[in-house]
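Listed next: structures, encoded as structure tokens.
Each of the two complexes below includes chain A, the first together with chain B, the second together with chain C.
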Partner chain A sequence: MAAPIILTTVLGTLARIIILGSRYTQTLADRIELSTPVTSWKLMTEGVFLLDHGISPYEGDNFHQPPLLLYLFFVIHKTAPSLIPLVFLFLDLTTAFLLYLLNPFSILTCAAQSTSIINNLMIASTFLLTLKGQRISATLTLALASYQSLYPVMLIVPSAMHLAFLKMQERKETISYSSRTAVSAILFTVGSFLIWYFILLGVSYTMLESWDFVRSTYGFTLSVTDLKPNLGLFWYYFMEMFEHFRIFFLWVFQVHAFIYTLPLAIVLWKCPSFVFFCQLILMAVFKSYPSLGDTTVYFALLPVWSHAFHYLRNGLVISVMIVISVVLAPVLWHLWIYAGSANANFLFAFTLIYSTAQIFLVTDLIFAFLRRSFSLQHGMKALKPDGTEKLVKLQ
Partner chain B sequence: MKIVSIISVFLLSFEYGFASDDDYFIEELYMNPMPNGFVHSHFQFSIFSNSNLFRSSGQHYDLFPKAVGQIIESHDVKELHLSLTQGLWRHDKWGYPVRSSPPGAELWAWFNETPARSIDESWANLVNSLSGLFCASLNFIDATNTVVPNLSFRPSGVVRGGECPDQDSVRYASLPKENVCTENLTPWQKLLPCNSKAGLSTLLNAIRLYNAHYHTLTVDVQPVCQSYPACTSTVLRLTQSISVVFRPTLNAGHQQWSLQSLFDRPLKGSCPLAVKSYIHVDISNESISLDYTLNPPPSKVTSDDHGKVASYDVAEMTQGRSSLNIKFKWTSKVIYGKANPPTLHAHRFIAGYGQENGGITCMIYNNDISNAVDVVYMETLPWYVRLYLHTMKIKTENGTDVKPDMLRFVPGRDRGRPYLLELMFTLPPASVITFSIQFDRAFLKWTEYPPDANIGFYLGSAVISANLPSSANFTTARQLQDASLPSSSSSSPGSEQFIRIYTEPLLLQLPLPDFSMPYNVICLVCTVFAIAFGSIHNLTTRRLDYEKKKETIWMKVKRRIPFLGKKEKKDSKESKEEKKEDGRARDASSTNEDATGDAGRTKEDVAKGTKVD
Partner chain C sequence: MGLMTNPKAQKIIEKVVLSTYKPLSVLLYIGTFVAIVIVSSSLFSAKTYISENALLPGLVEKQYKSTSDINGYANYLEGISKTDDDIPMAWLQQTFEEIGLDTYSQNFSASHPFLNSPEDVRGTNVFAILRAPRIAGTEAVVFSIPYRGKALEKKMGSTNHGIALMMSLAKHFIQQSYLSKDIISDSRQREYRGSSLGEAYYDTSSDFLAKSPLHGRSGTIMAAINLELPGRRIDHFDLRLEGLNGQLPNLDLFNVAVKLCEKEGVKATFHGQGSLTHTELRDNYGIRYTSKTMLSNMLRQASGKPHGIHGLFLRYGIPALTLHGIPSNSKKGDQSHSIGYILEGIFRSVNNLLERFHQSFFFYVLPETKKYVSIGLYMIPMGMLLVIPTIQALALWFLLGRKSKNIDKDEPIGEEPKGQHHYVIPVLIGVHVCGLLLYLSPEFFVVNFSSYFGLPPTEALVDWVRSCLYWYNLITSYK
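Entry: the complex of A and B
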């Protein structure tokens, strides 16, 4: 029983140790698929160095990580700089303990020392703690996750719903989100999240005695000033956007990232953990600086809904699209930047394919989930009077 | 190269005092034939004016140009230094110039603090005024290429009361891509008292000037002491200079040049408004002193520790004659030798490959075998060259690290402020120090690229400032610059000489997007967003249900038209029966579980085109 877990743990740890210890860490740390301006290790090193020399990293426009993370790595750098790969290994193993290990995306992200590892850890912990009903710690990890990058804020909705659901179950009441227990549970959850979040902001303020970091972290994530290519949809769009419309489309894109929260919560109200899961996928596609590290958490959680795979219609297409885009994107990046023979359009095309694959995945999964619940209510098959099957369609 | 200093010559010029209320004007031409065949000509026009005149009512401008005076007054400028240069001064071949300037345009200024305006406002106004005055595109100087250097650019004029000026009141900017042409020469010449009609400025022939290897046009305004050593009052000195480096062609193996051959015209006379009008020819080079002829013979020849100079008093020499044409000829055949590089020179270049990141490396040479030299290195890079300070390395030839004595780093802001790096470190004697730093290239929006985007972007020169001990081996007539200051080099041998070296500018390729694609990109990305939005909108606003019978248009029409009513009733009865049967069939089949129909159903769904995608 424990053998598969031990085997995967050992294999995963070995894979990470080998790559972290090899000379490929530097190359991986620079890859655009693995590190973005928000999570890059090179920028973190620069931030720690500037802090060491008494220059605030937030004065320039290069550093986009929040102060607590900066100080964490500053302290580690001061005490034992050679232990940094071990820190990443440890963080990833902790996430793995909750989730995954042999996913190649996660191995590469750990080896690239991208700080999205920490984000993944927080999101995974939130999921686990929400399922276990621990409100205080769940909201703490969620506050940490959204403190680091802005987008996990949207996970408060499924989290609150699930915690309220557990509360109602506890009290043996009928499940209704408008009942008193539900509303009070939701309010408590949101309240404790906000309290944790403001505590974190306050602590960050006291570290460098200024609010500069807000402009550098959240301001940067929202205003997308750095157009470095990544696996997302924003960079080329804002590179080629007419100046006149830039702000309008910036608002549209950023609001778009958040608008799926409520509709999904309303339709899938019976299963908030599934809403959480769909939010993870949508976040990985529509955030301003996505990377391969954002997909690792939900790929690991995918088998949880394997019962819905029966109704998936585009499985082959999705997997082929993802494999092709992840394999070819680095090639075309090299051709554009280093060989000078290709164009930005090639990389952009594969970025589009990667995003579309993930969108197909989430829509297909939602359809499969809904179809399965329809089958549970109305049965697997219905016959028309002439003996042919009735079709089930969205109407 | 031998040490030359002409300061003694110029000190002589100032031994008699002037009436403190008058403006006075001095014009000089310094020519240096170098053994490697280059001829450096440096014209310097200095106008001294009592600055108190500006502040008194009436603002009477005599020789000092009103255009410059008004600019100084209205923008609260204490000191102004502008240079427009085409070409790179090759320190290792030519020594040090009289007034060093980087390729392109460079402007730096010290301001007086006023409560009325901020320094940034004054700077912006100054830049635009100068741009209009000299017909140069200096208006491209804005916050994205202006820096506030602390260590490198100290006031070069007199500082009142010995007080340290506020570090924030200096501004520096450079435009490495700026071109110089006749359009800039003409307004510059108009500022001279004699314009281009008399005196040394008649030699400024645009066709010859702009065909030279190097030419620069400079304007310096600074307050200087009126009398030494008791500096009781200051005058404002406007120094306009043109520096040209020609390479005259060989004539049957002998190199010779004359004013006529270089500038295509002889000198007709001096400017009547000039107090002093001189031509100095540097003959301190050893090979010259043996083997040259200089026609006509000079008014006087001064030689001291630093070198030998033949001087011509233009007013005197042109009194009897119609024109003065100084001819210089090497009597023996020319053998071009390898030039000895001066004490301090530098070479800067871009390292790395690909368009993602890169590095800047600067090699600084100290050729002095006995003295260590302290240098201040200043680097200004635009915001799209994202410097990483932790990758900075300063190493000697054998790989040992040199720790900088002072380090100042101002990180840049995207589209707001450039990167400024100022370092002070010591060069050991007879060594080469390599400074290197890495950067990432930013990706710009498509409108931010210049029209010829494939050329790349110009990065301005780095500035290396140093105090060289005067016993150090350096050639210069650069004391021409400080002719009014009692440079201590003539008095004590152990004092220092300040020099400023500019490195090469760099050309950086940034990765380019496809400029023809805006509409396509917008369409494609919005399509992806629409796929997501449309699918999820469908899934959340519609319910899954069994397929209902589709009503054709004919049936709709029949339903609405009354005289077809009978058929309608029949239809409704039949449909009611069908529904009952459906209900029974549904109940009956609810317990069935059949997995094999899935594939067929899926295909049918796809075939019928479900509304999900």
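Entry: the complex of A and C
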């Protein structure tokens, strides 16, 4: 058992070192699939440069990453700039140790030095620590993830549910989220998350002595002012739409990104970790600046639910859609931007396929999960009175 | 999603695919070829039209007057190119400067990625910028002509008369007040092996092409016209569109050229095919010509090789085409005037542009000069061809599912059948490793081993490909 693990570790590390040391890092860092305005390494260096010259990076409309991250890289840049690729390597390998190693998306994201690596690490740690029942550290990592990119805020719901779930199991109570134990556990989790979160914001404020960064980071993520194409759904709609509808659709899109928390938590209340997982997929689709890096965490967690794969209906369609969109999106980007013979619709068609594939994946997984629970309750074959097999439909 | 989520519907799809995929594949394969031919026929192809309203080809009064200088220039160049291989740089620069253009030159040397070519490819490009009076040098049109010299002229025909015409036209344009785009006159040496103006202009770096810096620039290049004119008189113009990797210019540019050729009474052809009359098209044999033209168009695109040095502009998003003059048999008469009108007209049309070429098609194939087959139409046969691997793969997928169901009949229900797909992983990795080795092999083989066999590097490459094919045949037949 140890041999494959060592082999994948060596291969995964080697692949990252080779690409990080090659001349392709710059090309990768410029790819829209890997770097977004909120994770781009190029913009991070810009922020570090501005900070170095005593200008607040948050005054302009260029830098959208949170202050603690900025100061982290500022310090590394000041003391040992040659260590920066190693920092990314180390962070990604830590995530890899928790989750994945040979996923090409994660290797490329690491090579592009996208700061979504850090976000992935935080989310993966949150998942691990939540499962282990470590409330304080889980909420800290979750606060760090939310502090960096806002959307993980909604992961507090499954996290709190799971921690309450563990508590109830520990006390051998029947599972009910309205019991005293559950309510107090949930309140503790949310409270500890909020305390961590406000500490992070407070530290950022004392460092900069201004709240400018809130507008530049969360304000930017929510108001989507940079419409540079990416793999998400926002840029095209907001580019095409009349300006006076902007506020309305901004609300529609952003509420959309957050709203699934509630129905998922209600339907899948028995399995909060599955809610956590579904949220990760939905986040990778509906966030304002998604990239390939966002898919890596949930791809790695996919096998956790392999017991439900039996009921997947569209595995082939989904995998083909993802492969096609990932291969063809760069081609159409070239046709649009460099060759000038295509237009934005071409690229958008493929980002749409990419998003649709992920939505198929999540709906199909939820169906498979529920169908399996149905089978566990009613037996593998639901039979009609006359002995023929019943058709189970998801309505 | 209804179709995909309903297990009953899925069963039906499975049944239909498994029972029909074999005959369907054969049928689609044949159907593709039939469809390609049919698509080229006049029933389906549409008539070309000028989509961009600003172009207005041929609407203005012709003003160009062929001067007697044109013969002087041409005679001088012909004399030089009979004896010499090199571009007469000093003379070109002097002449352009006398006309009043800003003249620059650029040296380059090209090398093969891994062969040490015995002949060193060096050359010079001379280009001259006519600064337009109505704009501050923000937009430009390129007028490019390859200069061939003694050796290449024998192989590819002369272009000297084109350069003479270019000078004469520059003389005309510099007196006009209407120009709102700079005209860059550009004479290139060494055809494809030299540096293209696109590379020089946008200063893209290449490991295999060293070039001196460009000292003068104009604005964004909106279009490029490449002229290959063999003499005073031509039989017809063959218009060449296909660029590097099969890229095509905007169809509007082609339409303008065809329209102006027609207006001046010079026959225009595309892959040797002129426009067909209505009766010729309706005739049952019309499809013979149209399908032949369309297929040679597609074949040229598939080869990836540009069909003239205009092809190098296309990769920079600059619409460009080549007007290739086919020499006339009769020596009588002088067409400099009408050819001059055609070029004047093209430049004036492009000069009218307010936006970049974007209105018309970028993806098309042409059955003749005045008909086009748009992407919506030629994608149908293409789609038919792609359906074949798709249904084959689907059938394999369904068969795999059936097999696993049969195997696991005795196992407890609900167990995921295991170990079904794992055997493909070593094959997959093996194929990728083979691909990588093949990709690296020509360079490795030629650089290291060609001397052992006493072969010159260029031949060794061909032999390498041959031996690869031989081994491939051997391996596949063994199975």
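Basically, the second predicted complex is superposed on the first by the 390 of 395 C-alpha atoms of A that agree within 3 Å, B and C clash if a C-alpha of one lies under 4 Å from a C-alpha of the other, contacts with A are read in each partner's own complex, and residues count from 1 in each chain.
Basically, a contact is a pair of C-beta atoms (placed from the backbone, for glycine too) under 8 Å apart; a residue touches a chain by one contact, two chains touch by 3 or more.
Model, not experiment: these values are computed from the prediction.
Student: Tell me which partner A:238 touches in the superposition: chain B (first), chain C (second), both or neither.
Tutor: The first partner, chain B, only.
Student: For A:317, using the defined touch cut-off, is the partner it touches chain B, chain C, both, or neither? Pick first, second, both or neither.
Tutor: A:317 sits against chain C, while chain B stays out of touch.
Student: Could you say whether A:62 touches chain B, chain C, both of them, or neither, answering first, second, both or neither?
Tutor: The answer is first: A:62 touches chain B but not chain C.
Student: A:5 contacts which: chain B (first), chain C (second), both, neither?
Tutor: After superposing on A, A:5 lies clear of both chain B and chain C.
Student: Under the stated touch criterion, which partner chain does A:380 make contact with: chain B (first), chain C (second), both, or neither?
Tutor: both
Student: With both complexes overlaid on chain A, does A:46 touch chain B (first), chain C (second), both or neither?
Tutor: Touch partner of A:46: chain B, not chain C.
Student: A:187 contacts which: chain B (first), chain C (second), both, neither?
Tutor: Neither partner.
Student: Pick one for A:344: touches chain B only (first), chain C only (second), both, or neither.
Tutor: The first partner, chain B, only.
Student: Counting touched residues of chain A, say whether chain B or chain C comes out ahead.
Tutor: On the superposition, B touches more of the residues of chain A.
Student: Does the superposition put A:227 against chain B (first), chain C (second), both, or neither?
Tutor: first
Student: Does any part of chain A touch chain B in one structure and chain C in the other, and if so which residues?
Tutor: Residues 310, 313, 338, 340, 360, 367, 380-381, 391-394, which sit in both footprints.
Student: For chain C, which residues count as touching chain A in their complex?
Tutor: Within the complex, chain C contacts chain A at residues 1, 4-8, 10, 247-248, 250, 314-315, 317, 356, 362-363, 394, 397, 413-414, 416.
Student: Give the list of chain A residues in touch with chain C in this complex.
Tutor: On the chain A side, the touching residues are 306-307, 309-310, 313-314, 316-317, 338-342, 360, 367, 375, 380-381, 391-394.
Student: In the complex formed with chain B, which residues of chain A make contact?
Tutor: 30, 42, 45-46, 48-50, 53, 55, 57, 59-62, 225-229, 233, 235-243, 253, 256, 260, 263-264, 266-267, 282, 285-286, 310, 313, 336-338, 340, 343-345, 348, 352, 355-356, 359-360, 362-363, 366-367, 370-371, 374, 378-385, 389-395
Student: In the complex of these two chains, what residues of chain B are touching chain A?
Tutor: Its residues touching chain A are 353-357, 383, 386, 388-390, 407, 409-416, 419, 440, 442-447, 511-514, 517-518, 521-522, 524-525, 528-529, 531-533, 535-548, 578, 581-582, 585-586, 588-595, 597-598, 600-602, 604-606, 608, 610-613.
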